[in-house]
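The structure under discussion appears below in the form of C-alpha cells.
Note that the chains are named A, B, C and D in the order they appear, and that numbering of residues resets to 1 at the start of each chain.
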Amino acid sequence: MSMPKAAVATEAGERVLTFAQAINEGLREEMVRDPRVVLLGEDIGSYGGVFTVTRGLFAEFGRNRVIDTPISEGGFVGAALGLAITGYRPVVELMFTDFVFVAGDQLFNHVGKARYISGGQRTVPLVVRTQQGSSGGKAAQHSQSLEALFCHIPGWKVVAPSTPGDAKGLLQAAIRDDNPVAFLEHKALYFTKGMVPAGETLLPLGKARIARPGEDVTVISYSKSMELALGAAEVLAAEGVQAEVIDLRTLKPLDLETLLASVRKTSRAVVVHEAHRVCGFGAELAALIQEAAFFDLEAPIQRVAAEDAPVPYSRNLERAVLPQVDDVVAAAHRVLERRP
Amino acid sequence: MSMPKAAVATEAGERVLTFAQAINEGLREEMVRDPRVVLLGEDIGSYGGVFTVTRGLFAEFGRNRVIDTPISEGGFVGAALGLAITGYRPVVELMFTDFVFVAGDQLFNHVGKARYISGGQRTVPLVVRTQQGSSGGKAAQHSQSLEALFCHIPGWKVVAPSTPGDAKGLLQAAIRDDNPVAFLEHKALYFTKGMVPAGETLLPLGKARIARPGEDVTVISYSKSMELALGAAEVLAAEGVQAEVIDLRTLKPLDLETLLASVRKTSRAVVVHEAHRVCGFGAELAALIQEAAFFDLEAPIQRVAAEDAPVPYSRNLERAVLPQVDDVVAAAHRVLERRP
Amino acid sequence: MATRPDLLDLYRMMVRIRRVEERLEALFRSGEAYGSLHLCIGQEATATGACAALRADDTITCTYRGHGAVLAKGVPVGAVLAELLGRETGCCRGRSGSMLLTDLSRGVIFSTGIVAAGIPIAVGAALSARLSGSDRVALTFFGDGAVNQGVFHEALNMAGLWKLPVILFCENNQYAEMTPTHEGTSIERLVDRGAAYRIPGVVVDGNDVEAVYDVTAAAVARARAGEGPTLIEATTYRLTGHMFGDTQPYRAKDEVESWKARDPLLVARSRLQERGVGADAVGRIEEEVEAEIDAALEAARAAPEPRAEEATQYVYA
Amino acid sequence: MATRPDLLDLYRMMVRIRRVEERLEALFRSGEAYGSLHLCIGQEATATGACAALRADDTITCTYRGHGAVLAKGVPVGAVLAELLGRETGCCRGRSGSMLLTDLSRGVIFSTGIVAAGIPIAVGAALSARLSGSDRVALTFFGDGAVNQGVFHEALNMAGLWKLPVILFCENNQYAEMTPTHEGTSIERLVDRGAAYRIPGVVVDGNDVEAVYDVTAAAVARARAGEGPTLIEATTYRLTGHMFGDTQPYRAKDEVESWKARDPLLVARSRLQERGVGADAVGRIEEEVEAEIDAALEAARAAPEPRAEEATQYVYA
C-alpha cells in the first residue's frame, strides 16, 4: 500500500483517503503542531505499524517522537501515563484491543483514575489508539470489541469513528483533549475510503451524526457496525420503511440529546454493535433510552449484537456469532410490527 | 476472629456462621470430598487469607492443596488454568477484585475462551474467588465491583451471593461446575452472620430467590446491595408499598424467568447494584426486561448504582458516589408515581 | 536419558512441517484459509527436536506460530489442515483456526495468540504433574519478543521457586514481528535471564535438530528427576515474513540469504549424506510427505463446515 | 555529587515520619481515619535517605506504604493528615486517602495501591526528563514482593534498554504482607535481578539513613550523567504489622526484637551521640516535631470535608 503525501495543514479542500491514511494525517498534523505529542507502541517506528497507520512518521519525527516499545503493554501504557502527567501528550498504539487485558491495570486502575484520585492535580492527556472487531478469521483473541469496558470504568472518553473524515477529526480532538481517550479503530475499516479535509480537522467529542434521516425507526450504531445499520436502512427503504440512522461517533460522553430527539420522533429504536450483547454498550443505550423516553416508545428497544460466544474462526460460524444486516432488518421488523 | 470448627459433612441442621466462615466451610468440605480441589492465592496458606477465609485449611490439607503464590496474579491464574485443563479443580483467590485487571489477559483471553476455542476439548473447572465493593475508605483501587466485565466476556459463570447460607451453597456448586466461575464476595459481608446448613449445601447456579414477596414494585439486586433493596422495601412498606425483592444470586446464567414473572405482576422494576451505572449489569437487566416485558411495564425501569466516578476516600464523598437506601426508595417512587 | 531418534525420522518431521507450511501459504493465497498465518519456515528444527525429546503424555503450549510444534507433537496433518480450512473435522472443530490449535489427546494443551501467555499455563501443567506424582513434564514454546512480557517473568519466578518440571523453550528467531530482538532488550543472551530465577540456561543452535534434541532431552531428564526447570534459547531464523502479507522491508536480503544457507532441512540433509544415507531414502520422504498432505487436504476439503446452529456450542460445558 | 546533608536534619525527618505514623495509627484506632493503613515504622531511613538525595524537581512514585516517602519529599504534614481525615485541604482533597497520596508540586507524581504499578509510571517520568532535555531523575519505591510482578520486569527492561534516568528503589522489609520474601522467589539477593536488564544493582543497609543517602546519591549522579538506571535494594524491616489490624502471627517476637535493636532512629541517634551532638538538640527535635504535628492535626480537624455535591468533580478535566 502506498500513501499519498499527507496534506499541508493550510491546504484547503477535501481528498479521498483511506481510514488508515486519515489517521496517519491526523497524527502527523498534531505532531507538527505540538511537540509534546509523542507516539508509543510496537512496530510503529520505521515499519510504520502493522496496519500502516504510523507510516512515515518515524522518518519525519525521529525516535524521540515515535517510540518503538518492547512487547510490554502494561509497561509502556504505564510509561505513557508517566509522560502524560509530566507534560507530554502521548498517543499509544495497542496493536489489538484484545491486549487491553494485558495492560488493564495501568489502563483502568491508573490512567482512568489518575486525575480523580489526585483531587484534580493531575491532567492526563493520553490517547490509546487500538483496533477492534473482526476482519474475518482472526478468531477469539484478535477480534474482540471492548468499548463497554472503557465506558464502565470512569475516567475515559471513548471514540469509535466509522468514516475516514470522522476518524481524522475525532483523533485530532482526542489528542487535544485533556483526558484519557480510548480511540477505537476497526481493523476492517482501515482500507475503506472517504472524503477527508486537509489540514486541521477538529470534530467535537460527544456529538453524534445523523447518517441518514428517517421517520419510522431509529437505528443507532457506531464504528464498522454503521455498515450494518446503513445496509439495513437500504433494505428497509425498499420496503417503504424510513430508518433514521445515527452514528454515535463518541460513546462517552454520549450525545443522548440527539438520540432522544430521534427516538421521540420515530418511537422505535434498534441499537447495533459488534461487541457481545450481554453487558455491551447496547444495554446501556437501551437502559438510557427507556429511562428517558419510555412513554414515547411504541415497542421495546432491540439490540443487535454478537452472541454470547467467543469469535470463532470458521467463516460460517463467525457469521452466525457476529451481527449481520439481516439481523438489523429483523430487529427493525420486530419494533415496527410488534403491537400487543 | 476465632472460627468454630467446621461442621462434619454428615452432621445435620443449621448453625449461625459468618459469611467468611460459611465460605471456609464450603471450601473445606469440597476439599475433603474431592482431592482435585486445590487452592491458590496470596497469603492464603498458614496465614489463612487476609479476610480469614482460608483459615485452618493449610494446616489440614498441607502445601500441595493450599498453595501460597508470589504476587503474580497473571502468572498464578495462568497456572490455575494449566491445572484445570490437566485434571485439577483449582479455586483461586484474587485478594481484591481490582486485581482482575492485573490478571485480565489470563482471565478473559484464556480461561473464559479455553473451552470454546478448543471445540469443546478442554473442560475448565476453575473458580476465581474474589471480593468486591466498599467497606469504607479503601478508595479507588480497592473498592470496585467488576461483575459486568465477567458477564460481558463469554465463558464465565458469575455468582454474587448476599448471605452466608447462599455463599456456602453456591460456592460448592461453583466448585463442582465444569466451567470457570467468578465467585464474587463482598468485603463488607464477611463478618455478617446467617444460618448455614452443615454438610453438603448445594444450591443450583442460575436460580434467583424471592427475598421478600410483594405486589407493587420489583426490586432486583444481589450481593451486598441486597441490604439496600431490603432496607428500601422496609421504608416502602411503611408507606404502604409492597416491594418484591429479588436476590439474583447468580448473574450468569441469569434466572430471567423469575424476574419476568415478578415484573409482569408488579409492572415496575428497579435494579440496584454497587458497580458503576454506566455499562453496569443493571443496564443489561433493564435492556432484557424491557425487551421481554415492555408491554407489561407501567414505567421505565430505574437503575440505582454508583455514579460515574472512582470510589473516593472521604466518607461523605463515598456516600455520594455509591448508592444508598434513599436512592432505592426514590427510584421506587419514580416508577410508582410517574405516569404520563 | 532416552537415545536420540534416527535423524531420518527427525528429517521426515521437518519436511512434513515445511510442506504443510508451504501448503498453508498457498491456501491463504487462494482464500481457502484465512485470518492470520504465521509460518515457522526455517524454524522446523526447534519444534521437531524439542518434541522428539518428549513422551506422548508430556504436554506443550505453543504460540500462534505453532503449526510446526503441533505436528511435531503428533497431531495428524489432516486435523491441522481441516482446522485451517474451518472444518468440523479440524482439531478444534473449526473454532480455533491457525493461532489457537489444541489437541489434548496429543498433549497440545494450549496454543495462544497472546505473546508469552502460554508460559504460565505450562507452569500450571507442570505443577499438575508434580501434585499428581507423575513424572510428566511440560514444555512451553515462546519467542524472543516474549521475554519482555510480564507473565514470562511471573511464570519463570514460580517455576524456579517451586522447581517445577517445565522446559522453557525460547525460539530466538532474531525478530519480534518487524523489530530486531536487540531493540527490545539490552541483554545479549536472553538465556541469561534464567539467573534471575535460579533457572539454568542453555543456548543451542536451533537449526541443528539433533542439537535441539540433545539439550531438550537433558532438560527433560532434569525435570523428570525433580531437579527443576531449564531455560533453553534456540538460535534460529524465520525465513518468511512475520505473517502472511509481511513484505519484510526491515531486513536485508543478505541476512536472509545467510540464514537460508543454514536452513535446518539443509543442515539435516547434509548430515544424512555424511552418514551415508542415500539420496533415494531422502527423496522418498519428500514423496511420502507430499502424498500424506495431498490425502489430508483432500479429506479436509471434503469435510463439512461446522453448522451455524452450533456456533454457540462449546462456550459452556 | 552533592554533599551529604546534616545527620540531624535527616534525623528530624525520620522522627517526623515516625510520629506521623504513630499519630495515624491512633487516628485509625479512634475511627477518625479509616479505610486501610500501611505504616512504615522501622523503614524511615529508606524514605528519608533516598529523598534527601533528590532535587525538588526530581519525581518519585510511592506505594500504599508511602506516607514516609511523601513527607520526605517535602509534602507538609498537614496535607497528609488532612488527606487521611478525608478533608478538602488534604493533598488530594480527600479523594485519595492513605494509599494514593499525590503532590505534583513536590514531585510526588503517583502513589498506588497496586503492587509494582508505580514502576512503569516512573520509567515514563524518566523518559519525559530525557525527551525534554532535563537532567531531572525519577525514583520509584517498591517492596520485595513487587519484584515478582510482571510490570516490574517490563519496566526494568525498558529502563535498561533506554538507559533512562530512573532509580529503582526496592525496600526489602523481609515480608510481602504475611509471606516472607523467600517464599516468593528463589533468589537470594533481589538486586541480582538487575543483571537481567543490564542494570547495576547495589544492596544497602536500609536502616542506616546515611548509607541510604550515599547509594541513592551515587545512583542519582549516574542517572543525571546519562549513565542509566540503578537498582537499589535497601535491607530493612517493618516494625508494625503489614496493615492496621495485622496481629503478626507469622513472625517470631525474637525476630522483631532483633530488628528493634537496629531501629533506624536508634542507629541515627547513637551516631549523633558519637559525633558529639547533645541530647538536648535531639530532644528539641522531638518537641518541635510533636508541636508541628499537633498544629497540623488541629488545622486538619478544623478543615471542611469535601462537599458531597462535588463528589464527581475531577473525574474529567
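Definition applied: a residue touches a chain if its C-beta (ideal position, glycine included) is under 8 Å from a C-beta of that chain, and two chains touch if they have at least 3 such contacts.
Worth saying up front: this structure is predicted, and the values here are computed from it rather than measured.
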Apart from subunit A, which chains are still tied to one another through touching, counting links that pass through other chains? one piece
Which integer distance in Å separates the CA centroid of subunit B from that of subunit D? 36
Approximately how many whole Å separate the CA-defined centres of subunit A and subunit B? 31
When the centre of a chain is set as the mean of its C-alpha atoms, what distance in Å lies between subunit A and subunit D? 40
Each of the following residues of subunit B touches two or more other chains, namely 70, 72, 74-75, 98-99, 102, 105, 109, 116-117, 139-141, 154-155, 308-310, 312
By residue number and range, which residues of subunit C touch two or more other chains? 92, 94-96, 100, 112, 114, 148-151, 154, 157, 161, 183-185, 315
Considering only which chains touch which, label the overall pattern as line, ring, star, complete or other. complete
Within the complex, which stretch of subunit D touches subunit A? 59, 90-96, 100, 102-104, 109-110, 112, 114, 117, 119-129, 131-132, 138, 150-151, 154-155, 157-158, 161, 313-317
Using the touch rule from the top, collect the residues of subunit B that touch subunit D in their complex. 42-43, 45-47, 50, 68, 70-72, 74-75, 98-99, 102, 136-142, 307-310, 312-317, 319-321
What does subunit D use to touch subunit B in their complex? 33-36, 83, 86-87, 92, 94-100, 112-116, 145-146, 148-150, 176-179, 183-185, 249-250, 305-306, 308-312, 315
Using the touch definition from the top, list the residues of subunit A that touch subunit D in their complex. 38, 64, 67, 69-70, 72, 74-88, 105-106, 109-110, 114-124, 154-155, 157, 177-179
Residue ranges of subunit C in contact with subunit D within the complex: 148-154, 157, 160-161, 163, 183-187, 192-193, 195-198
